[in-house]
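Both complexes shown next keep subunit A, but they swap its partner, so subunit B is in the first and subunit C is in the second.
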Partner chain A sequence: MSGNSIRDTFFEECEELLEALVEGLAAMEDPNHDPEVVNAVFRAVHSIKGGAGAFGLDRLVHFAHTFETVLDKVRSREMDVDEGLMHLFHRSGDVLTDLVEAARDEREPNGTTEAAVLEDLESHLGGADAEEEFSFDALTLDFGTPMEITPEERQFEIRFKPFRTLYDNGHEPLLLFDALAEIGTLEVKADLDALPAFDSFDPMDSVLSWTMTLSTAAEEDAVREVFEFVDGLCELTIGEAETPAPAAQPDPEPAVDVIAEADSAPKPADPAAEPVAQTASKEARGPKPTLRVDLDRVDRLINTVGELIINQAMISQRIEELDLPTAAQLSNELEAYKLLARDIQEGVMAIRAQPVKPLFQRMSRIVREASDATSKQARLVTMGDSTEVDKTVIERLSDPLTHMIRNAVDHGLETPEQREAAGKDPVGKIKLSAAHRSGSVFIEISDDGAGLDRKRILEKAIDKGLVAADAELTDQEIDNLLFLPGFSTAGSVSNLSGRGVGMDVVKNAVQALGGRVSITSTHGAGTTFTIVLPLTLAVMDGFIISVADQTMVIPIASILETIRPNAKDLHTIGTDSQVIRVRGSYVPVVNVSENLGLVPPERSGVGVLLLVSTETHGLTALKVEDIHDQRQVVIKSLESNYGAIQGVSAATILGDGKIALILDPDELVKLDPASVSPSLSLDTRMEPQHA
Partner chain B sequence: MTTKVLAIDDSRTIRNLLRVSLEGAGFEFHSACDGVEGVEMFPDVDPDVVITDINMPNMDGYGVIESLRNGPDRTSVPIVVLTTESSDKLKSRAREAGATGWIVKPFDDASLISVLKRLTGHVS
Partner chain C sequence: MLDTAEQISDSQFEFITFSAGGQNFCLEITQIREIRRWTTVTALPHTPPDVLGVMNLRGAVIPIFDLSARFGLGKTTENERNVVIVAASGDTTIGLLVESVSEILSVDKDAIQETPDIKSDMTKLSILGVISVEDTMVRVVNLETVLATDLQLAV
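Let's look at the complex of A and B:
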């Protein structure tokens, strides 16, 4: 492993530790938190410090050390955690994150908050405490110190009587003698006087002592350093001999033998101690063992499994076409093959799935920063952190989510005074939740603020020319105006969310992931944004439909209802626009083949209608010729293989080996000028390209 | 004879650093990511020296030393504590638990190896 990859591992580990830190700090907010939570927070900071020290990242080490020292005081209950301290801890976590990132990218950290937070942390430590234990005295051992320069040899007389604990602690006198011998000429004499008679000999006892004479040019400190580890485990006197002693009879050998004997003497097992180790081993383990795999490899595997699924479908179809006499048996086997292929696919997909937790955790910082910047008070509540979503989805959700969270604080929540006046908790609540529901991932961002000010939204939209002045819009239609390009609700552009990024960017980002975003709001009670995303970007459940005699696929997730209408249910408006009455309201009908510029077959008849809810056109019925099947299809990007086609999101390969286009209902309806409902004149303004 | 080291540390970075230093110096390197795992691995690895961190989840370094010294193994192999602080309090506590020596983080290869040599008597 090269130095660089160790460094990479360090920063990877830092990321995990920072996650643990944020999680721990959040848990500390609970007044009844488990004391182990503080330990975990302490350990995270401590481990970052330890690793940073190894790479000479002094600034990071210094900050982590100060942070850790304050945490240690909390841990040892010398200090109580109050709201102010919690806030400081969160900010310290933010600074630590910045410092780690700066060190990783080898750039200067943003020092403005660092200095302030550091000062704040230090103020919690008495002046004496701040630097007390902070001594990184790297161990210096003078083994093998060159002896060529021997200006003045001195003689030390050393008396050494080990206690039994010295042996218990794994020390070996012989090794100490070796170490002494390395810094000079050593004579060792064992003192056997204390040796008891054989009858009363206890092999576990320490009875030997030694007197040594060391001739060396080294200082007394160097001699004492040899005994550093046995300090307190022996009687030791080191004195400088006045005159060179006459060459004593060195007799280390028997001493060594006795030591060896004492060391290897039978050690009675202590049965009482056994259960300790056993219970300990049954305790919950730390993190589960993981395997780090290059993402490319996983993606290649996913792709191959996709091909396998297609291949399986093709084989099934070919065998059906053969019309074999033993087809029934074969089809059982084929069904098993299909299930296995699905299992493999799900297993592979699961590799790419990651919990949303780290993403959600980052948002607590956004809430903090946003509330600081707007002088509002807010706390983030997250739910369903363990919900797993495709890695790419998580990555691409970060920006939209950040923006929505900022919006929720900036525009959603009221000021603490307004909240109190309304009888609410002055601290606003931002809720972020994730859940798997019917094959999709639901992510909700809600605030308990005042709700959308629809009157102002409408005024604004009219002002900006997004809506006709006399337009009559439903509440939902007004809410959806937020998603129009260039719309901003802030009366004055605040330095926070007014960054020229509107909700339309959020919507586009979510749509690019094959998802959709919707909004609900209750006056006085808050606003909720719901993002619905596919579980994976690689496969999708779709209806196999025919459009102008071609086989196409439409995502099931987008279809609310299918209708086989009678001719009399369809009403024609104007020359060729059609509507259908669905439970009392009229829904525009969009002829898919016409919108795609295909010629519908003569005998098309009324066909089948697929009711979809579109972002721009509301409820719409898509008219296709027929529905054949419901199937999981492997999504193949068209853009990388062919080019973008409006109304088509991707393609897939069907069981017969043919390519089928996957339709995008939202884009499809935009292609049709006739689908614009007369009451929604804003649609034509929004999408001038299809006028 | 190859000297076997069992290193117990919850930090992947530190385990990596130790591995590189010690394997480079010819040691046989084994590692555990917390105290419980370390104590569990001990009889199988049968190391010549144990290096342990102090701050770890599940079982801290003091627990490791006490389990190894007083548990079924009742071992007297040298146990070296790896620590960021060099306070006397920590040293005496480690010594009381049965530690043989300590290495202060950040460590350099030379001092690490010389400590191991000093405590085991051989360097591979």
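Let's look at the complex of A and C:
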């Protein structure tokens, strides 16, 4: 392993640890939280410090150390957590995240908050930073005060039984023994009872355990410290022997606590064996095994499975064409093949699916920062954290979500005074929820603020020349003005939103993921933004259609209904615009081939109309020549090798190996056929006179 | 597959020469992934005339350019020797329709001359240099410019 990949692994682990940290801090908000939560937070910070020390990231080590020391006081109940301290912890978590990111990107962290938070943390320590922990001081920091050596030696009895995962992670018990020997006189006795007969010996398994007696002047904490990094990877009991006995006797029911419970306040012998047993059995199973896989490998696998699906469709089509007399048996087998291929695909896609939890957790920081900057009070409530979404979706949702959350605090919520006057809780509530519903992922961002000020939005839009001064708009139309480019309601440019990026950026980002975003707002009760996204970015259900003799695909999700029109229902308005009567109202007809700049075949006739609801043009009927089939298609990006094409969202490969374009109805209706140069017609370009 | 061919020495370069629009061009061999026969492509709407469409290359969707039209030399005329050169630069893979492929050219680095100072900026952009082979001049195609779809080479 190269130094770099070890470094990468460290930062990957940091990401997980920071996640655990944020989660733990959120849990600490609950006044009745499990004391284990504080331990978890402590361990996260401590592990980051440990790793950072190994890479010589002094600044990170220093901050983590200070943070950890304060946490330790909470852990040992020397300090109570109040609202102010909790807030400080959150901010410390934010700073730690910044420092880790800065270290990862090898840039300077922006130290403005770091210094302030560090000072705050240090003020909680009251200067007397005497209780230094042993192992890291020597490594990375010089804390001046030398360890105070208590003259009395004590004896600890340590039972250590590593799990297999301990070895898998590259730990070496001998090094732990060495570390123990450094703080005192150590006697180690190996327990060979579990050693199997030679012929059934599995060299990968962990069969040894050790009983150690350590005479040392160090505190119990210092002893535990040695085992900090194998926490969860072994069964460990540490007890203080009452009398210095030379030969330690393995005690089947040791009067000690397991390290996972590590309540560092020295506990007397715990007569209730139950919690110990519980923890022990939990530990014995070890952590749920996971596999860290390079994302590229997963993506390659997904691509290959996509090929498999296409290949399966090709074979089916070929066999159908053969028109074999004894095809029944074969088609059964083919059907089984198809189902298997689909199963594999679903399984592979599931690898990419990840819970939205880390994304949502990051938003609590945004709410915190936004409320600090606007002197509003806000609290984030998340729901459906475990909802799984494709990794790419999660990554690309981060920015739009951040923006919307900031907006919700900045524009959505009222000031605490206004809220109180309106009889609301002065602390505003931002709700972030995720759910799977009918094959889509719904993400809702709602606030309980004043709701949209439609009058002001309209004024602003008129002011900016986005709508005509005499325009009469419905409430919904006014709400949607927010999504127009160049629209920002903030009267003055605040620190937060109003930086020139508006909701149109959010909308574009969501649309790029194949989703849509909508607003509902109730005056005085708040605003809700709903983002609807497809479950996966790799496959889609589509109608196979004919446009200008080309086969194309249109997403089923966008189609409200299909109409085979009667000539008498179609009417012409102006010179060439058509409308169709659908249940009493007239809907404009858009000729797809014209909008794409393709020449429709002369015999196209009335064709088939696909009724879609578009964001800019409302209800529209798309005219195509024919609908052939409904099929699941594998989405292939056009942008990776060529670039974006208006009206086309992606491409797919059909059963015959040909490429079919996937249409984007929203973009399609925006295209103006008049602007399309006639030289691009299908005839001149598509017939390159080749065999 | 030709991309496994190794350069003979540090100062030697290998090129594949081909003709497009009646002129001789070449691409460095390491940029070429494969050479395929022409098959019908799927046309893309709203694209300039030098973009013929997209083709399925073992599951990847790659755009096919008419190199002759891309360089403003008119559309490639029908010929059964026409081939598509699949070339890659970075993460982008494209196909170039050319009239025919001629040979593999192995030249010394010094044999590559700078593009003579000509009027058209676009031509200067799209040609990296020229190599003189017997009586003919072979133009070294700048793949980056061909890839830059926002550049209108054929003005």
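By definition in this document, the second predicted complex is superposed on the first by the 451 of 691 C-alpha atoms of A that agree within 3 Å, B and C clash if a C-alpha of one lies under 4 Å from a C-alpha of the other, contacts with A are read in each partner's own complex, and residues count from 1 in each chain.
Rule of thumb we're sticking to: contacts are C-beta pairs under 8 Å (C-beta built on N, C-alpha and C of every residue); 3 or more make two chains touch, one makes a residue touch a chain.
No experiment lies behind these values; they were computed from the predicted model shown.
By the touch criterion defined above, A:Ile645 reaches subunit C but does not reach subunit B.
Legend: residue contacts after superposition of the two complexes on their common chain; A:Gly51 is shown touching subunit B, with no touch to subunit C. Contacts of A:Leu598 after superposition on the shared chain: subunit C is touched, whereas subunit B is not.
In the superposition on chain A, A:Gly306 makes contact with subunit C only, while subunit B stays out of contact range. Look at A:Gln550: by the touch rule set out above, it reaches subunit C but stays clear of subunit B. When the shared chain is aligned, subunit C comes close enough to touch A:Ile659, but subunit B does not. Within the superposed three-chain model, A:Lys636 lies in touch with subunit C and out of touch with subunit B [touch as defined at top]. Once chain A of one complex is fitted onto chain A of the other, the partner contacts of A:Ile6 are limited to subunit B, with no touch recorded for subunit C. Between subunit B and subunit C, more residues of subunit A are touched by B.
Those residues of subunit A that touch subunit C in the complex are listed here as 303, 306-307, 310, 550, 596-598, 636-638, 640-643, 645-648, 651, 653, 657-661, 671, 676, 679-680, 682, 684-686, 688-691.
Taken in their complex, subunit C has these residues touching subunit A: 38, 40-49, 51-56, 58-63, 66, 75-78, 80, 82, 91-94, 97, 149-150. Residues 10-14, 16-17, 19-20, 33-37, 39-40, 53, 55-59, 63, 67, 69-72, 74-79, 84-87, 92, 95, 98-108, 111, 114-115, 117-121 of subunit B are the ones touching subunit A in the complex. By the touch rule above, subunit A contacts subunit B in their complex via residues 1, 3, 6, 9-10, 12-13, 39-40, 42-43, 46-47, 49-51, 53-54, 56, 132-133, 135-141, 143, 165, 167-172, 174-175, 178-179, 228-229, 231-233, 263, 267, 269-270, 273-274, 276-277, 280-281, 283-287.
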